[in-house]
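Each of the two complexes below includes chain A, the first together with chain B, the second together with chain C.
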Partner chain A sequence: MKQFIFEAKQKQFLMGLMALGAVCLVLSYIFEPDSIAEAGFHQRFWSNLLHNGAFFTGMAFMTTFVIAAFVTAYSGWHVMFKRLWEAFSLFLIVGLVIFVLLGLGNVFHLHHLYHWAAEGITDPSSPNFDEVIAGKAGFLNNGWYIGGTLLIGGLWYFIARRMRQLSVQEDIDGDKVENFAYHRKIRFWAALFLPIAAFTGPALIWQWVMSVDAHWYSTLFAWYSMASWFLAACSLTILLLIYLKSLGYFEKVTVEHLHDLGKYMFAFSIFWTYCWFSQYMLIWYGNVGEETIYFKERLTHYPVLFYGNLFVNFALPFLILMRNTTKRRKGTLVFTAILVFIGHWWDYFYMIKPGTLITAQEAAHAGAHEAAQHGAAGFVAGFTIPGLLELGIMLGFVGLFIYVVFHHLSKVSLDPVNDPYYEESVHHEVQPYE
Partner chain B sequence: MKSHSKKVLFGLYNDEEELMAAISGAKSKHLNIMDVYSPFPIHGMEKILGLEESRLHIVGFIFGMIGTLTAFLGMTWIFTSDWPTIFGGKPYFSLPAFVPIIFELTVLFSAIAMTVVFYIVCGLGFGVDNPILDDRITDDKFCLAFQTNDLSGTDVSNIKKFLKESGAAEIHEKEV
Partner chain C sequence: MSASVSRIREPLVLGNKSYHQITEDLVGPTEKTPDRMWVIAFILSVSLFAYGMFALIWTFYFGIGSWNLNRTIGWGYDITNFVWWIGIGHAGTLISAILLLFRQRWRTGVNRAAEAMTIFAVMCAGLFPATHTGRPWFDFFMFPYPNTRGPLWVNFNSPLLWDLFAISTYFTVSLLFWYTGLVPDFASVRDRAKGIRKKIYAFVSMGWTGAAKHWQRHEYLSLVLAGIATPLVLSVHTIVSFDFATAVVPGWHTTIFPPYFVAGAIFSGFAMVQTLMVITRKAFRLQEYITVNHIESMNKVILVTGTMVGSAYLIELFIAWYSGYIYEQFAFYNRVLGPYFWAYIGMMGCNLLSPQVFWSKKIRRSVFWTFLMSIFVNIGMWFERFVIIATTLAKDFLPSSWSYYWPSWVEIGIYLGTIGLFFTLYLIFARVAPVVAIAEVKHILKQYGDQYLGPNAKEHHQEQSEKAH
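== the complex of A and B ==
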């Protein structure tokens, strides 16, 4: 079947997930953990929005990046399911809406996710004045946050859309143009997007995610979080491909393509660990106070998050996917893909929640700066580990993401017959023996 | 590695398509193929020949683990009991600092072991004389070879007939 039909049953199910997510978001607005409830920040709600917004928007961004990288590198094997990735990349627009909301929240002080957005933080006469953050105010400010999100994110979306348009147009009359004109145009945009993504991706990651710990910074952070995004996108690709194949779509996507996607999941799990460990070990060895406090905080108060992250994102995929056979069997592939997807959602939880909790506690007990820094002891619902509401919100966002993907998928033919690499993808072979 | 000489009967083909067809034909006739030589890798050849998965990676895994243990136990012994040294105020047993060396020795051990084992298994290496059936199989000829040491005269003539029928441009016998 060349045309994906987005059936009413699927729509209802995904709508149901979204409704569940919305209910959980509202509940997380109401049920604020006791230690910061008095201040009325609704930190749990806002940090959930940031966590899921960053995670799912990043998946769309990394998919765009991977399309661009593959096209530039003359890759052919992925062509068979490139429509799925193109549909992924169009989620960027939804993510931008979320981040503009969060940015407006900064401007109007609706939330205290970012310490640098607090009132009077750069004003030496204010009680809120913070010298370190004042020194970073050239980058950590509302103009950069909203302007950067709109400009950079808008540029990402524009290029993602352009590449998809050309790719869809190629389907229609690509056989009539000379010299693979459409593919050459896609190549142009892809090559353009690579440096843009390399420079602007980290800038937005620092703004969106890393600056929740406004005093702390790590030059490896962007690599590490981008690897996380890619793994999440890769595992969701595997899950959706297997699901869509079971419905009869993508019949030319074979076990060989899934094998390669499994390899990507395996290899990038190791790459992720490499980045994670490099960041950890350099800070641990350097032992500079303002850097080490980040890990000290997490090791002391969030041991489950910290070690669970390594276990699910490194040990399990590494051991499970090491053998060839596990990458070729649907059961193990689905199992690992679900693990990796949740693992990297967990990873973003670990990046965002401790920092936002400290910021809220500091703001709630303004003045008692030092006490708040070390006051995160004990279990805090929705922050120490993901609670049921957080899981519900994740399901809601999964529903939203897949809804957007299916919506765009149903608009175009799934079979990119005029792609110059079509034949190569049909005959893709990874393992020549049985 | 040259224990006893092999009698080899081989056909040279001009085209890889002919070679592939000949392999399928030999398989269907249950002829025992010794080896196939080609100037370049041919897509789908492994499946027709029925080759099994290489077991080389098992060697890689075992020696990788030996490398892991060597690095881990070695460094633990050196830095905790043999010659305890304090680096940067860290404890004697500092696992994070060991990890890069553990990783490197794992890679080193498995890489060297796989290379050495690969050479041994293939009978390659310094001082090993590997007879070549025909110089042109590295250039423009495709070769299908049968070992005929233990075969009777009728079997050999059968193979010869098969080679001729399957389109071999030349048929040779050679003792290597």
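== the complex of A and C ==
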């Protein structure tokens, strides 16, 4: 079957997930943890929006990046399922809407996700004045939060859309295939996107995610979180491919392709751990207070998040995917992909939630520095570990993401017959040594 | 390997080669007497090496005082050169192991020489810490053997010690990997040799007959070694970066160092491969094996890694400002606008800006430009290490002790000596072993030979036929 039909049943199910997500989101607006409830920040709601927004938008961004990297590197094996990745990349536009919402929240002080967005933070005469943050105001400010997001994210979306258009056009317009005209054009945009992504990706990650701990900084942070996004996208690719194959689509995507995706999941889990370790080890070894505070907070108050992160994102995929056979067996592959997907969602939870909670506590108990300095004490629903509402919201976003993907998938033929590497991908075989 | 190869790909073996012709072309250089150019190059290299040895003996006799180290810079030229060489020693194993995993077929044309280069570069690098431990005669303390010194241990908390383990492991695995690939090729040389040459090559080819069992073992071993080598490529320079980043020195203590050092290492390694390849293919007339396509691929790697390194420079610079930490800000201000500004310009110019010319396909495929750029990058990566080390140390926390450093003739001599050693070894290698992996090129001939692929292909693969169904 070359044409994906987005059936009503699937739509209903995905709508159901989204409805569940929406309900949970509303509930998280109402059920604020006690320690910050009286301030009325609705921090749980906003931090959930940020967490899922960053996670799912990033997946779309990294998918675009991977398409660009693969095209540039003459990769042939993946073209059999490139339509799926192209559909992933178009989720970027939805992500941008979420971030504009968050940015407007900054402007109108609807939330206290970012300490740097607090009123009077850069004004020396204000009691809220923070000298360190004032020094960063050139980057951390409301205008650039929305402006940078729109500018950079818009550029990403533009290129992602352009690459997909050309790729789809290549299918329809068979005449020009002889001299690979479309492919060469895709190559141009792909090559262009790589440096753009390399320079702008970190800028948005710092702004969106790293700045929830407004004082803290780490040069490796962007590369580390980009690895996390890629793994999430890779695991979701595996899950969706196996699901769509079970419906009869993508019949030319064989166990060989899944094996290679499994390899990517394995290798990048190690790479993610490498980044995680490099960041942690150097900060631990250096023992500079401004840097260690990040891990001190997380190790003290969020041990489950901290160790769970390593266990699910390193130990399990490393051990399970080490053997070739596990990467070729659908059962284990699906199991591991679900783990890795949730694991990296967990990773973003771990990056975002502790910082936002401290920010809220500090703002709620302004003046009472005691409380703020001790960080989050005890169990805080929706922050210490993901609660049921958070899981519901994740499912809602999964529903939204897949809905967008399926919507775009149903618009085009799944079989990129005029891709120059089509034959290579059809006959793709993984051999133990080549 | 996939059964079909897209027409969009370029051939990797030109000149309508047969298997026999490949053997002739690649074994040939080992069978002739060296030409005059080789002899001149060899004499030059050995002389440089001898000068380096002289400078080293001078150091041993008169002590480290003959170097220009001063009150803030206790690490100068030697560690710069050490890191430079170690970085260069990354391309070979990357090509053999990681590009193998990524199924990049063009690796077959260049992997042999790149691996050889890796091994020689690591040897040059090893010379620096080995002679700079203060009391080199106690170097054996660092190796893991039963402790005979009572409670006295080496400092296991020191990244310098981890370095020793990482580099010696890397060296061992790279050597084994390289040698494993050489065995079938040595057998090819042996089969054509006579007299004493035959005896020698028979010995080094370990009785290889090309039996199916031999190939099976060979491929299995290669796979295992590739598996071990892949994390090693990353770990070696990661630990080298720890030498700096674990210290609380502003400008050194930054978390991006590990992956950024690895990218830089690959960058400089490929530049050195290009320098050597451009000369080798010309000298041995290997243009049909190390094609312009190979050169272009490597230039792309240089462009990618150069831009990665460049983005890391900018990330560092930005985060230094963003951190709000005045010492960090000063360290970077000092790097860019301080007394060593020329080194920073050299680093940025050669590493981030100049590789950008490779966006042009014409320049990527030009041998002249490739050679020029490879030299630029080699210089730029040297500057990078000098910037990180000298600039950072020159101005420490105590302004009264600030200093300026420039190496003495002894230090420069040792560095020149390692360049001599490197080229001496490479020249010997190019004489005694096939510089292109014969067996691997033959392995891809039927798919990537120009009689099978590209415009001259006589037999096309079934291309469009299968799309019908």
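The rule is short, and it goes like this: the second predicted complex is superposed on the first by the 423 of 434 C-alpha atoms of A that agree within 3 Å, B and C clash if a C-alpha of one lies under 4 Å from a C-alpha of the other, contacts with A are read in each partner's own complex, and residues count from 1 in each chain.
Going forward, a contact is a pair of C-beta atoms (placed from the backbone, for glycine too) under 8 Å apart; a residue touches a chain by one contact, two chains touch by 3 or more.
These figures come from a predicted structure and were not determined experimentally.
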Classify the contacts of A:142 with the two partner chains as first (chain B alone), second (chain C alone), both, or neither. neither
Determine, under the contact definition given at the top, whether A:199 touches first (chain B), second (chain C), both, or neither. second
I want to verify the contact counts: of chain B and chain C, which reaches more residues of chain A? C
Touch check for A:324: first (chain B), second (chain C), both, or neither? first
Applying the touch criterion given at the start, work out whether A:10 contacts chain B, chain C, both or neither, answering first, second, both or neither. neither
Considering only touches as defined above, state whether A:287 meets chain B (first), chain C (second), both or neither. both
Is A:332 touching the first partner chain B, the second partner chain C, both, or neither of them? neither
For A:279 in the superposed arrangement: first (chain B), second (chain C), both or neither? second
Where on chain A do chain B and chain C both make contact? 281, 285, 287, 427, 429, 431-434
Touching residues (chain side chain A, partner chain C) in the complex: 72-74, 76-77, 131-133, 135-136, 139, 180, 183, 191, 194-195, 198-199, 202, 206, 215, 217-223, 263, 270, 274-275, 278-279, 281-283, 285-288, 290, 417, 420-424, 426-429, 431-434
Please give the residue numbers of chain C that touch chain A in the complex, ascending. 1-9, 100-104, 219-220, 222-223, 231, 234, 238, 242, 245-248, 253-259, 300, 304, 307-308, 311-312, 314-316, 319, 322-325, 359, 461-463, 466-467
Under the definition above, what is the set of chain B residues touching chain A in their complex? 43-47, 50-53, 61, 88-90, 96-97, 99-100
Seen from chain A, its contact residues with chain B in the complex are 277, 280-281, 284-285, 287, 322, 324, 427, 429, 431-434
